[in-house]
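Only one structure is covered here, and it is reproduced in the block below.
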Amino acid sequence: MTTFSLTHRFRPSRREARPAARRLRPWYQNRSLVAGLVIVCIMVLLAVLAPVLAPYNPIKQNLNEALQGPSGAHWLGTDKLGRDVLSRLLYGARVDLRIGFLAVIIPFVVGTILGAIAGYFGGWLDIIIMRIVDVFYAFPLFLLVIALVFVLGPGESSIYLAIALVSWVSYCKIVRGEVIVARQQEYVQAARLGGLNNARVLGRHIGPNVISQAITYAMSDIVMDIMVIVTLGYLGLGITPPTAEWGSMIADAQEFITTLWWMAVVPGVAVVITGLGLSLIGDGLTDLLSPERRK
Amino acid sequence: MSVVALSRTVEPLLSVQHLTIGIPSSGGGHATLVRDVSFEVGPGVRYGLVGESGSGKSMTLKAIAGLLPRGVEVLEGEIHFDGDDVLTMSPHERRRIMGPRMAMIFQEPMTALNPTTRVGKQIAEGPRRHLGLSKADAQELAVDMIRRTGIPDPARRARAYPHELSGGLRQRIMIAMALSCKPALVLCDEPTTALDVTVQDQVLRLLAQLCDDMGSALTFVTHDLAVVSQTCSRLSVMYAGRIMEEGNVREVYEAPQHPYTEALFQSAPDFDDPGRRLAPIPGLPPSLTDPPPGCPFAPRCQYAIESCSTGSKPLVEVRHRHLSACDLADQIFGGTR
Amino acid sequence: MSAAEQPAAVLEVREVTKRYGHGRRDTLRALDGVDLTLHRGEILALVGESGSGKSTLAKILAGSTSQTSGQVLCDGVEITARRHSTARRRIQMVFQDPYSSLNPRMTVRSALSEVLRVHRVVPREQIAEELSRLMSLVGLDDSALDAYPSQFSGGQRQRIAIARALAVRPDILIADEPVSALDVSVQATILDLFESLRSELGLSVLFIAHNLAVVQHLADRIAVMYLGRIAEVAQTDTLFASPEHPYTQALIASVPRMRPRDLEQPPALDGEPPSPIHLPTGCRFNPRCAYAQPTCLIDEPALERVAEGHSVACWFAGQLQQAPTKQSEEFA
Amino acid sequence: MLSRLKFVPMRLLQAVPVAFGVTLVVFFMVHLIPGNPAESILGAQATPAKVAALTDQMGLNQPVVQQYWHFLSNLAHGNLGESYTYQVPVLTLVWQRAPVTLLLVAYSVVLMLIISIPLSMLAASRPGHVRDHAVRVIPLVGLGMPQFWVGVMLLLVFAVGTGWFPVGGYGDTMMDHLWYLFLPALTLAISISPVIIRSLRASMLNVLESDYVATARSKGAGGRSLFAGHVLRNAIIPAVSIVGVNLGYLVGGTLVIEKVFAIPGLGSMLIESIFARDFPSVQAVALFVAVFVVLVGVLTDVVYTLLDPRVDLTQRMNA
Amino acid sequence: ASSSTKSGGASKSAGAPVHGGNLTIARAQDAKSMNNILTFDNSSIFIFEQIMEPLFTVTADGKATKPLLATGYKVSADKKTYTINLRKGVKFSTGKEMTSADVKFSIDQDTKHASTGWGFINSAIQQVQAAGKYTVVIKLKHAWAPLIADLALFSNAIVPNNYDGKTMAEFYQAPVGTGPFKWGQWKRGEYLKLVANTGYWQKGKPYLDSVTWNVVPDSNTRKLQVQGGQADIDEYPDWSTFKSLGTGSNVIAKTFPSTELDYLAFNEKKKPFQDVHVRRAISAMIDRSAINKAVLFGNGTPANSLLMPGVPFYQKSTPGIMKNDALAKKELAASSVPKGFSTTLLIPSGDASKLSTAQIIQNDLQQYNIKVTIKQLDPTANHNAQQNMQYDMGLSAWTMDIPDPDEWTSFAIDPDGGAKSAYTNYRSAEAIKLNRQAQQSVDHSTRAELYNQLQDVVAHDAPFAFLYYAPYAYGVSDKVQNFNVTPLGNYPLTDVWKSK
């Protein structure tokens, strides 16, 4: 069978349809992005203003009022130790958003750099980096994180470390793929032929154009990290009590799932809304940062 | 009245009247991609639509075939095929004519074939559906169609996947597919743009020959003036979503009746006239969301006078069966009505 | 050949071969012994079917990939892909697709001044001045400097790409199908620009195209490539007036004309180019050649001079009639 | 056709260094866990002397490199040691439990496809429409609600409430297994389907907007024949690799799901053995899971190749 | 054995016992091993107790013993020789009759494994003699009051002489005993099944055809299984949902009096816990009724003593410290850290009750400017940290295995024993002396007095802050009859039956 696919390339179609409207649409007209930003900003605002907004001290116990349903005094009820769920939810946002964002930064940076190097230089460097990536990829994220947190002992810093050790891999893969594509782009070739050195080509020309995918992924990664915290809480490896945190709130509520099922739903909804906001931002960024790519 | 009744001898196969295509948007300011386009194609006629990128050729063709992309709609006008209004047809009725009566060939043979299906099966799909052939008969017809496009060893080629074929072969497969049900009208959207000259030459000849054999009419969209000249007998020149000029190919080439057509010819290199200096058209095509009033070409037109920027510029017959949308056609080109 | 008759060669390609793939059987010979000379101040066009190796040659010349064997000489000095930045500056390239050849995230100003700074083309304080000069050179307004590529039309982008190439003041410009993606009305302005660059700056241009009509308007000389080899090189007039290679003849016959033509006739050329992986023995054009002779099936013809500045790689160069028709029986 | 699968041996060969890396990670991860396994084994009865003796007996005071070498050579003989908890070879345990998890994962992949394909078709058929947004947003709830919560809710409704399904467990016959595993597999499927629906929707949109679908329409295809004949297969192709990539996530999900639904699989075994510091078991399960994920990678490529005639991995490997 | 119980939620027999049926018990953890002399884990013990029976067993109130495979015993005047008569006609499930040889072998095996198993419990035994086919004589090294209680421990259960020719490891793959049930099948991690021993010496028993312990790690799932009828017994329900377990369904939420004491241990190797004032102060800060309410949902009782109500010699009037603000302030002021201090509280991870308790304690101590950081370690690490005394304060619990306080008192107050006073390093010469005396005196009232004094001393010294006594909780289907749990935690299934 003759294979022409390799030997026969085509000129790109003379020009694709580039509707003028799509070209210069400013970011604020991007509905997903705006909706996502609004949601996340509200979340961040609630977190920042928690000390002002929260009606109670989130760790203040009042055992006489434990396990109350929603009421005027406690809008979202109280937990097992009589702590105000709304206050815990607000303060929890601080912890979860902080962990979510912070835990993403190191893997983002490390993965992006390694992925860019692997994709740009190729060869042995690529092979070695990608084999390491393969090894980590072979383990389900949860499995490794759980094992690592177990090894490191529960607590916030262990969570950062475990997530960092594990999740750089995804960024590395994504960025490498993008860089390999970008490297073929004519503007990159032009930059190289223009005599720019590798660091410059990577940093100025390839970097800004490939980072969007990594950022988009980071958005869903934050949600993922929050889920990791929740799951660790379920297994008793989560954030140290009595810190208010959505994951441990869900884990605490676990005991009451069959009776006071909404106790797990309230922080769950917070996770869902944050996740929704972040994925909307991700969608929007994909549209915005890569105009030539459709969703 | 914007269209002058044409003296026609035969009932047109395809009649497009006042076709306006746009992207409706709730917040007003919608883009109009094609504006008030009218033309007719008689049976067996090879009709060309030329124009630069973005002038709305493909949209017009897609509207005829009922394949407008999402969000893009026919805002006004009528399209009659064989006397039936295709715009009001139900999707089901539409599907019934697509294939046996009307077929389409796309620009990119690279992407227009389903990559995961053998080409023979893709050709046979139409005949199976519309001619009610059995699987084996349809396959046989497919092989026969491939043979008629001049591809050697058709039986083997029928079993190939698209990616195993070169661009020229793929485009022939597309032609075989389009013609497999002997349609009355073949719509072509730049079928040779992606091909090499030598292959383009082969494909154009093949297309013309097969259409003649089957008596099919052709509506041919291209940006290449030379290609229309080789293929079609009648053409429209489109600019910014409108038809600027319509006429028989030879007449338009020899005596264009619109400044845009003239400018287009002057900017295009003519193989048989290498000494001529090429004159680019200054400026840019107008925005589709906010088109200038009057003649859309006026801002770039060397002959433009004040009145060009006002009023509607209907297509009028300036010579026998030769229409121009330029008010000044008479003055500039000395056309006789 | 005396040096006096021959204009000076700025760029010479000798026996350049490029193979892709490392399997013994599956190597693809994109270039297979190419000889070509670019003279100072001329526009040399390179035409040929898709996949004939035009872009590969361009990339080798510009130094973005290296040849498998053979030499590239610039002013008589051999250059390789790992070239010094001054050597790199001398040869610049313009790409086909104006939409992907500019970094969508950099303004024209930052893209151009970056190159100027890296190569220290002008002292820092003169950069602004130099930018204006470049813009006017390619016929754009200074106001364009602060816009992003997406704000330009295809033709304008192509000018910016050319300006970037010119920023480092090269001697040689390699243009890989710079007008194929453009509308005719815009194409003319770019062709004009090349013409003026050549005449005003004395640039030598290797202009790759597949549209013979375009090339005919612009080029001084034309080289026709077929499957990784040069089939014919001649002055533009000569080539169109008396093409010697059967492939050149077929190419010319295939060009769509503005004039009417009989479509019922068989096409000038049958079949498709064979795969560069499994090349035919003998002359690589023989499977499609109307005049193929037994010799053509055995030996590969070299690029031979048939007249002043006119070389052809055909065993029967000079013996074939023009405007070939399908008359293979007569020869068989 | 078969010739296109020539890459498989090569691909498996490439997995060797990965497997080697996996053993490294597994081994050192386990040896990082603080505390002496000997102490854990002896439990409440540990005295320093007993701990020392057992440490010695288990070779835990040898240099780590030597221990690793020992581990590798044992591994080469198919010997992964004895479970500290049960005192039986861990391989027997893994073989007993692996089919359970494999069945659970495969089952959830099937359910996931059953959920995702129609929903993404629904979304893709009217992009921007209410139903599109609904399909894209509602499954996100599955992503934000922890699996154990979803699992218990399903149990409450479909097992306790209606009695349609059992409350956890695994059953004895194959039919039993499918019945018992339905809710857990569904939980897993729900948790991952937002991701799949998103990408499936995107690839369907791509396919729907592709030229060849326009071609098919121009041949008069429409509705179901269009979907079945042209859209589905092409849209599934990218989904295959997405499923492949996310399989790791599914396997990770079994950790929690198996606990919730009392399924005697590898996930619950892993959790148990981590908490019991049953290191040989932890190593064996981690190794098995990793090898499984690597093999799934190969399988994904095979399916990919079979579905997409364009893919020629033999070529890609050499390039 | 008697089946009548007076305890809280004990079931009343619904008519005449019915034979047949399988009893399904949903439990959190799988058994680990069937080796009754080496295994310390309850999930295993509860099972092999159904297979292998000892000579004596515990009465339903958990405070005394009664004969089982023995019919009675005689003690020599010097209290150092016990002559035990065996029940005749008792057969192993293999059909072989049980004789004194089997008894000697079994007890010797246990004694032999003193270092790795439960054998330490037999440390007072000098020799076991098979005096006749149905008579066994046990000679002691010194007078040892708890002997019969010790013999009632499962580790002294009777197995066939010489393991019927098998090795120990082989034997325990499918152990054989004289019990009501015999070995069925074990799918590790999934279930363990025992079937009725049809030749059981108590004629007509057991009523059940089989018993299956299913591993269901998640407490919600266990609860739902019992409610849905898939399981008959939830072995380990959460207190949080315990009450709801019984409401409106066919499940009875049952509590049984236990010997469980939950306490806060102070590591006296760490500052400032050597200071008795600190320990007493903290003990007085903790609101036990709050813990009982929030953690046990009112099912427990605040603990006042080292001993539990289910243990012989428990003294109700022991002055264990309860929440007392004045006392707390007074003691703190008198202590080395009158201004408060920072410390940590170690708990095992994954235990919701301990986590809540810890948070309440944290909150209580906060009021007195004692800053507590909760430190969670996985259960094994937690255990190791305690054993290695690498903690400040820790939450622990104890339950009895034999109906004699000595097992616990020796563990809890003897700093030179292996357990270093339950890993607190608590050292009180007086307490040690009282405990020794109590071990060796056989007279009931003397022992009672000694243990009273001991409880007082410990209550004063507060090496532990006693928190609460928790009952055993079980979710039991209303079909299950006669299901009872002894204060020692075991549940003989001999008399259990299922109504249709």
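Each chain carries a letter (A, B, C, D and E) given by its place in the written order, and its residues are counted from 1.
Definition applied: contacts are C-beta pairs under 8 Å (C-beta built on N, C-alpha and C of every residue); 3 or more make two chains touch, one makes a residue touch a chain.
If you're wondering where the values come from, they're calculated on a predicted model, not measured in any experiment.
**Q** Taking touch as defined above, what minimum step count separates chain B and chain E?
**A** Graph distance in the chain contact network comes out at 2.
**Q** Decide which interface, B-D or B-C, involves more C-beta pairs in contact, and give its chain pair.
**A** B-C
**Q** For chain A and chain B, let me know how many angstrom lie between their CA-based centres, rounded off.
**A** 48
**Q** Which whole number of Å gives the spacing of the CA centres of chain A and chain D?
**A** 21
**Q** Using mean CA coordinates as chain centres, what's the chain D-chain E distance in Å?
**A** So the centroids are 40 Å from each other.
**Q** Which parts of chain E, given as residue numbers and ranges, touch two or more other chains?
**A** Residues 220, 224, 350, 378, 381 of chain E each touch two or more of the other chains.
**Q** Pull out every residue in chain D that's touching 2 or more other chains.
**A** Only 34, 148, 152, 156, 209, 271, 274-275, 310 qualify.
**Q** I need the residues of chain B touching at least two other chains; which ones are they?
**A** 53, 108, 163, 166-167, 169, 223, in rising order.
**Q** For chain A, which residues are in contact with chain E within the complex?
**A** 59, 61, 63, 66, 80-82, 150, 153-154, 235-237, 240-242, 252, 254-259
**Q** Applying the document's contact rule, which stretches of chain A touch chain C when the two form their complex?
**A** Touch list, chain A to chain C: 2-4, 6-12, 14-15, 18, 23-24, 185-196, 200, 204-205, 208-209, 291-292.
**Q** Over in the complex, which chain B residues touch chain D? Could you list them?
**A** Against chain D, the touching part of chain B is residues 65-67, 69-70, 91-92, 95-100, 102-104, 106, 108, 111-117, 122, 125-126, 129-130, 161, 163, 174, 177-178, 187.
**Q** Contact residues on chain C for chain A in the complex?
**A** 28, 50-51, 62-64, 85, 88-89, 92-93, 95-97, 99-106, 114-115, 118-119, 150-151, 154, 161, 164-165, 167-168, 177, 180-181, 210, 275-277
**Q** In the complex, go through chain B and note every residue touching chain C.
**A** 52-53, 166-169, 196-202, 204-205, 208-209, 223-227, 229-231, 250, 253, 263-265, 267-272, 274, 278-281, 284
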